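Here come two complexes built around chain A, the first alongside chain B, the second alongside chain C.
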Partner chain A sequence: MSIKVLTPGLLTSIQDLGRYGYQKYGVIVSGGMDAYSLRLANLLVGNEEGEAVIEMTLMGPSLLLEEDLLLAITGGDLSPAINGQPVPQGRPVLVRKGSVLKFGALKSGCRSYLAVRGGFDIPEVMGSKSTYLRAGIGGYQGRALLQGDILPLGLACPLPFAESLVRAMGSSSFAFPPWYVGRSYVLQKSQEYRVRVIPNSQFSLFSPDSRKQFFQEPFQVTTQSDRMGYRLSGVSLQLTEPLEMISEAVALGTIQVPPDGNPIILMADRQTVGGYPKIAQVAGVDISTLAQIKPGSKIRFEEISLGEAEELYAAREADIQRINITIQLQLAGTAT
Partner chain B sequence: MTECNHSIQILVAGEHGLVIEFGSVIAPEINLRVQQLARLLHFESIHGIMEVIPTYRSVSIYFDPLVITRQELSRQVIHMLGRIEHQNVEDLLSSRVVHVPVCYGGVLGPDLEYVSRYTGLSPQEVIGIHTSKPYMIYMLGFIPGFPYLGGMSSEIAVPRQERPRERIPGGSVGIGGNQTGFYPIESAGEWWLVGRTPIKAFDFTSDNPFLFSVGDYLHFEEISTAEYFAIRRSVEKRTYVPEVSYL
Partner chain C sequence: MLTFDEIKEVIRMVEQSSIQHFELEQENSKIVISKAGIHKVQTGSHEGLEVPKAVWAAGESEQRLAKEIPDVQAEPLHTIVSPTVGTFYMASEPGADPFVKAGEEVESNAIVCVLEAMKLFNEVVAGVKGTIVERLVNDGDFIEYGQPLFLVKPKL
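The block that comes next holds the complex of A and B.
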């Protein structure tokens, strides 16, 4: 049971929900940038939501599927096709052995996720299969995927509903059910993306002008943006007076402002500690939105309270649980 | 020793984060309080906490607000702060000293000459001061196992390089400003490299991936080039046992 990498794409790596518990030793969390899409992809093939998947960026890979397998693609739309035929996202797809899954032009978003039934049979390193690219740890040999890599797949019992897909497949190379999960949480307002933030305790250290401009002016995601962080350009944000900062822990979605005044949003591969003043914190529910924003796009920050962020988080998790239950019923073959 | 409980602040870091700040300076007594709380949180293992990260002067707690509310977590933390207030900071001192053998100068420490010229000391004097005492580990971060050490003599302080070097070999021992330490794995960095250690501070294939923890001490010790290569071979064969002593 394996998948062979024919062409690797721009940055394709194995990720799960991240490596927790070792930040106190300087080991970063890593994990999928768009955790929502990652979880959804796993749920659609009946995996645990945190199983390892393939994360691809802007330009996807071409993969030879060496066994019959059940897969799901979520997140950004990179025009996936099986043996040249477009394949839909957001649902389980049963694919015949020997097929080639090829990703093409970017239609929307920035990152796409591929989950396979049973997950990937690669060793966990410190409790996670995520690839920590800079340290060469985890994932597939500690690195992004390369041409010729052979990814071993985990074992899982066939799902009852897959039998109906086998019948539906006939002579074609893949089959999928009529139902799908189309929910997208990407918040786009015309040409700009909306990102909700909670002001940080150091917010008040910024000049009154900077505090105002932070919410009024748009920021552009620059090309120096990657899995570590999104470097933004726009108005330069300044402190009221210079501040001697002491390095301290930084979180997913922390917005730091280095001396040049251009904010950086810390993402999945952020360092464990940072020494720049922190103006705000992105609400947890909008991290997946950010993960799908590609360089060159504009974003605008919108202030919300901590209480609102907590409510949004609880509502999102409840939503995911409802989606999960619906999917499980479909996969068990009990739903009509 | 300074009492610092009056300046403790509980701060918010998004809906998943709580930061307990013990002061606004880098000082051993503040860092020991940080370690004290981090240790208590570790032993109590409160359900819903995902990670506890001690740094110079604060403890960051990442938690799942659906498992434990911020209010409940804050209440428990305040209770812990009350408990640790009555403990002597001195009682908490770790006495574990990890000895780090270093081959100074030459190809392995290409910037020793520069540090010597900058400080007006001879290379041997720089080495003498650098190895004169153990340094406390205030925190780990930046890259796996990278120790932020305190207590280096200002006599051998040198401002950091303006442009970071792209690739610093793993094991490099450096001086940057008032700080010293070593890079456990290859990394970019802006410190002046005075030597290299053959030992590994981070080995993810080991059951015990990290050589030291926050609160331990590091003591650099000079070795010859021949000893460097002998120890390196032993590290590669996994027969090397790091020397540990107690204060």
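The block that comes next holds the complex of A and C.
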């Protein structure tokens, strides 16, 4: 039971929902950048939502599937194809042993997620299978995937639903059901993405002009952006007067502003503490949107209250629970 | 002898299937359901559409209904009905081209729309090879189980 990496793509790594509980020792959280898509991919194949998946970035890998398996692809559209045939995203796909799953041109988004039924049989490090790239721990040998890697798969009982796919498959190399989950959260169509934020601890220390411009002017995601943070360029944000700060905790989506005035949004591989003033905090519900914004795109910040951010978060979680229930019914074969 | 509820159930099942004519004989009772020759009546507005109804009655009802509806065509139209409850969408995502348009020829396995229920999108296939005559519902409408979605002129 394994998947062989024929070509690795640009940055392809094993990620789950992250390594929590060790930030106090300086160990970063890591995990999938677009956690929403990651959870969805797992649910679609009947896994626990936090199982390890393959995260790929901008340019996907080419993988040899050495076993019959049930997989699901979510997130950005990297034109996945099995043996040359386009394969749909957002649904479980049963694939025949020996098939090659190849990702191609980026059509939308920035990151795509591949979950397989049973997950990956790799050891957990500090409670997580996520790859911590800089420290070289977790995931597959602590690094991004390379050509020739052989990823062992976990065991899972076959789903009753898969039997109907076996019949539907016939002589082709894959089959999928007539239902799928939507992609509305991660893929806005506009050229300028809206990101909702809550003013952060040092917001009031920024100059009145900077505070106004922060919400009025667009910022561009630069090519120096990575899994650690999105470096933005646009108007230079300045404090009213210089500030010496003692480093303090930072969170996923914290927007900090170094002295050069260009904000940085901290993402999955963020450091555990930071000493730059924090102008705002991205609402949890928009992190997945952010993770699908590719370098070069523009974003515009919109202020919401903490209460609104909490409501949006709760509504998103309720949505995921609804999706989970519906998918489980489908996978159990009790619905048609 | 069938109970009233059982008869209702039979009617419902036949109505939602592509069966055009159905007969059930049991002891001293007989049910005949025929959909032949019945199709929608256009009354001007979209709301005025009448959904094809299954009729259970003795044999002459078929003829009687045929007389009541003036524009009966020689070939009965196939109705694509909803396999589930959900919100009707003509396209795979907002702004995308609709799956099918009126006048378009479709294969029986062609996807004609999606229905969203509990965040899951269910694809609906034509089920018959032919030409789409009319869409009976609007984008974003909430659809009931068994509700007619499209009329298709089957290709013989």
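What we mean here is this: the second predicted complex is superposed on the first by the 330 of 336 C-alpha atoms of A that agree within 3 Å, B and C clash if a C-alpha of one lies under 4 Å from a C-alpha of the other, contacts with A are read in each partner's own complex, and residues count from 1 in each chain.
Please note the rule applied: contacts are C-beta pairs under 8 Å (C-beta built on N, C-alpha and C of every residue); 3 or more make two chains touch, one makes a residue touch a chain.
Please read all numbers here as calculations on a predicted model, not as lab measurements.
Of the two partner chains placed by superposition, A:259 touches none, neither chain B nor chain C. More residues of chain A are touched by B (comparison of chain B with chain C). In the superposition on chain A, contact of A:148 is made with neither chain B nor chain C.
When the shared chain is aligned, no partner comes close enough to touch A:86: not chain B, not chain C.
Once chain A of one complex is fitted onto chain A of the other, the partner contacts of A:180 are limited to chain C, with no touch recorded for chain B.
Counting contacts as defined above, no chain A residue meets chain B in one complex and chain C in the other. The touching residues of chain B, when paired with chain A in their complex, are 11-17, 19, 24-26, 38, 50-58, 60, 62, 65-66, 70, 139-146, 148, 185, 187, 202, 204, 209-210, 213-214. Note for the complex: chain A touches chain B at residues 20-27, 125-126, 134-135, 137, 198, 200-201, 246-249, 251-254, 271-273, 281-284, 306, 309-310, 313-314, 317.
Across the complex, chain C is touched by residues 178-184, 189, 319, 322-323, 325-327, 330, 336 of chain A.
Interface residues of chain C facing chain A in the complex, by the touch rule stated above, are 83, 93-95, 111, 116-125.
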